[in-house]
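In what comes next, chain A is part of two complexes: it sits with chain B in the first one and with chain C in the second one.
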Partner chain A sequence: MRRAPTWPRHAIMLAVCLLMLVPFYWVIKTSLTGENIYAWPPSIIPVNPHLFNYVDVWYLIPFPRYLLNSVIVTIMAISGNLLFNTAAGYALTKQFPGKRWIVLLLLSCMLIPFQATIIPAYLITSWLGVLNSWLGIALPMLSTIICIFIFKASFEAVPRSLIDAARVDGLSEWRIVVRILLPLSKPAIATNVILNFIWSWNAFLWPLIVVRSPDMQTLPLGLARFLSVMEDTTGALFAFVVMVLVPGLTIFLMAQKEFIRGLTSGATKG
Partner chain B sequence: MAGIRLSGVRKSFGDVAVVHGVDLDITDREFVVFVGPSGCGKSTLLRMIAGLEDITGGEIAIDGRVVNELDPKDRDVAMVFQDYALYPHMTVFENMAFSLRYRGVARAEIRQRVEQAARVLDIGHLSQRMPRQLSGGQRQRVAMGRAIVRDPKVFLFDEPLSNLDAKLRVQMRTEIKLLRERVATTTIYVTHDQTEAMTLADRIVILNHGRIEQIGTPEEVYETPATVFVAGFIGTPPMNLLPVKLGGSGQITLGDRTITLPESRTRVIAGMPDVLLGIRPEHLIWHTGGEPPLLSGHAVVVEPLGSDTLVSLDIAGTPVIARLPPRLVRKAGEAVLLAADPENLHFFDRTTGRRL
Partner chain C sequence: MNWRRVLLHRFVFVPLALAILVGGWNLYIVYNDDGIIQGVVRDGSGAALAGATVIFFERNSAYFEERKRTITDAKGAYRFTDMQIHIGQLEARTADGRQSQRRLLRLWFRAQNIDVAPLIVR
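On to the complex of A and B.
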């Protein structure tokens, strides 16, 4: 039987990919030129590209400070997630009284929108005295239920005999997690890192509530502030957007293979 | 080096009891094989000795010390698992050195011990490979090497050859036997393969439904099985078991045939209402005249194996297999007359299953 040619399929996929990339291209092009985005006909090729918009963003607003805040908060959120989700995920691979109820509780908590938890979260943060601090911004993002289950699924996929062998070899429970389970759960770690990076990096509502001084603002808050204080900002605004996007894209591109494996682990027979 | 003592060891999962009060003494440097069908509790018993399963009742002592409450790491045992359980993210060397690192052994000594074990097992050239780059046999050797470097008091093997193909299994069996001579350590080996049990063991422990059916040397369990279960489990093909009726003056009735046995053989069954006669396939011989044959029938299935032929018969509704010299019976339907030395007959109480 003659096989159908594959090029039409590839052509369609290529066209869809290009279509998805157009907004990114448009943002980068505008950030390099500052031209009016409503101009007609639109220019496909950047006219007189320059990097002044990026320089403006760096010097006209406290971009480095926003970046530092975002980086620290994101590192705290990712570290917290890796620590707490690993521990919780490992605990859920064990049998213990009430496990079923805890799983149900966790699953039901996933149904509650974040906005509904803002007031109690704010009160707890305030009670802990960490409002307007990096820890306060990161606090509600230190553990995410979906990521607990990603670790749980990943740990359950590790053969039980490996854990038994480690136990006979003399490892404590914590060392079994660190030395055996985590190195075999790279996709789950990558998924945790990427998802929590995205959620923490892009978080707007919670930092808006908890941050009181401009020097504690993160990049999304800085972007909003930038819009309110600058005029004729098309080019600089888009340069700002690019500078916010680049770290996330870089991390995703670095870990995308493990990320996809993490999201699909258990979906197929391995 | 150490002996192991199990006293009334029990294990239950919820309401389901899987090991019912096992008592066993294993002497220093002894090689004991736990054998039995799937679900008989042999692996559970092994895991309890390793400390990987809690003990519901009883006592386990290694080298005279009760270890019921000790963690696996504190029992000084090394275990080889059915699926080898090599850490996939570590090289062969790292796998073998792993446990030593956690026991505070000096780096130079780790290297020396790993290299020595690798030499014994002929895997020195594999030290920098990852487990995924090894064949089944090589992985098995590494798993054994990981156990050897520890120089533990006890080796525990949990069906280590069951994932290998038939040819490799025979080869590895021989290697384990050779290894045993070089590394004389108390060993418990779990298998469902009676050939492994027979070839490797100093003593075999035959388990069924969480109870010990018999403990003995390979010869003892083969030649004098203590129960009907052991008789049917040990030996390939298994022992033929035929219901017989007792008559007066040393006579037994087998189907429509009555045979007179010497008084020495019938003494043990005198007065027993329900008896099973057991006879191994190789103890059934071609009848050449003289005394009346023990069994007569027609061949139902003939399986030539080259060195000998397995002939299946139907004796009064009970299947019987005889291992006969080649070419005596060529095809199904041929008449077969079989005799046996009365000394090779076994008798079991049909009610209790115990040997008489």
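On to the complex of A and C.
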């Protein structure tokens, strides 16, 4: 039987890929030229491209400070997630009274949008005295339910006999997690890191509420501030967008293999 | 441990390459950030103009406003020092009312030393 040629399929996929990349291209092109995005007809090729818009962003607003805040908050969120989600995920692999209800509670909490819990979250943060601080910004992102279940699924895939053997050898529960389960759950760790990076890096609403001083603002808040104080900044604005996006894109491109493996692991059995 | 393999791993190579780039760029800045802006003023025939006033305009959030001015020497040369800016405009004016076009200056970093192309007064 003669096989159908593959080039039409590849051509379609290539066209779809290019279509997906058009917004990225447009943002980068505008950041390099500063041309009016509403100009008609639009110029496909950048005219007189330069990198000075990036220099403007770096100096016209305290970009390094925003970057530092975003990096610290993101590191705190990722660290908290790895610690708390690992513990919670491991606990949920055990059998104990009320486990079913706890799982149901966690799943039902996923149905509640974050916006609905903002007032109690704010009051708790205020009560803890961490408003307008890195910890306060990272607090609601220190553990996420979906990542708990990612760890739970990953831990459950580890053969029970391996854990029993470790226990017979005298390892405590924490050492079983650290020495046995986590090294076998690298895709789950990568998924946790990447998802939490994206969520905390792009967080806008919660930092907007909890941050009071300009020094504590993160990059998304800085973007909003930049829009409000500067005029005639199309190029610089798009340069800012690119500078906010680049760290996330870089990490995603570096870790995409683990990311995809982590998301698809456990999707099929056998 | 296979160091070559470790160094070429993407989680090591990319941050390391970025760190080297940023370090190199900052080193370059350290040696070139005295804030010196200098150049010459000439007339339409290319002759140096002594005694011309050169004005530097700095950009605020909406427009360019005058920040500093200086006078050219006998060779038509001018020099601004300690200019903590990364964007601005330069204009030369003579006592008889002639002036050059404003020259937009965009620098790669704040206080970059730069030799500006001649300002032509017509």
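Quick note on the criterion: the second predicted complex is superposed on the first by the 269 of 270 C-alpha atoms of A that agree within 3 Å, B and C clash if a C-alpha of one lies under 4 Å from a C-alpha of the other, contacts with A are read in each partner's own complex, and residues count from 1 in each chain.
Simple rule for what comes next: a residue touches a chain if its C-beta (ideal position, glycine included) is under 8 Å from a C-beta of that chain, and two chains touch if they have at least 3 such contacts.
Keep in mind the model is a prediction, meaning the values are calculated, not measured.
Enquirer: Is A:V16 contacted by the first partner chain B, the second partner chain C, both or neither?
Expert: Neither partner.
Enquirer: Just to be sure I read the superposition right, which of the two partners does A:D56 touch: chain B = first, chain C = second, or both, or neither?
Expert: After superposing on A, A:D56 lies in contact with chain C but is clear of chain B.
Enquirer: Need the overlap of the two footprints on chain A, from chain B and from chain C, as residue ranges.
Expert: none
Enquirer: Quick one: in the complex, what on chain C touches chain A?
Expert: 10-11, 14, 61-62, 86-87, 106-110
Enquirer: If we count contacts the way the header does, which residues on chain A are in touch with chain B in the complex?
Expert: Residues 159, 161-162, 164-171, 175, 180, 183-184 of chain A touch chain B in their complex.
Enquirer: Mind listing the chain A positions that touch chain C in their complex?
Expert: Residues in contact with chain C: 50, 52, 55-56, 59-60, 229-232, 250, 254-255.
Enquirer: Could you pull out which chain B residues touch chain A in their complex?
Expert: 47, 50-52, 71-73, 77-79, 81-83, 85, 87-89, 98-99, 102-103
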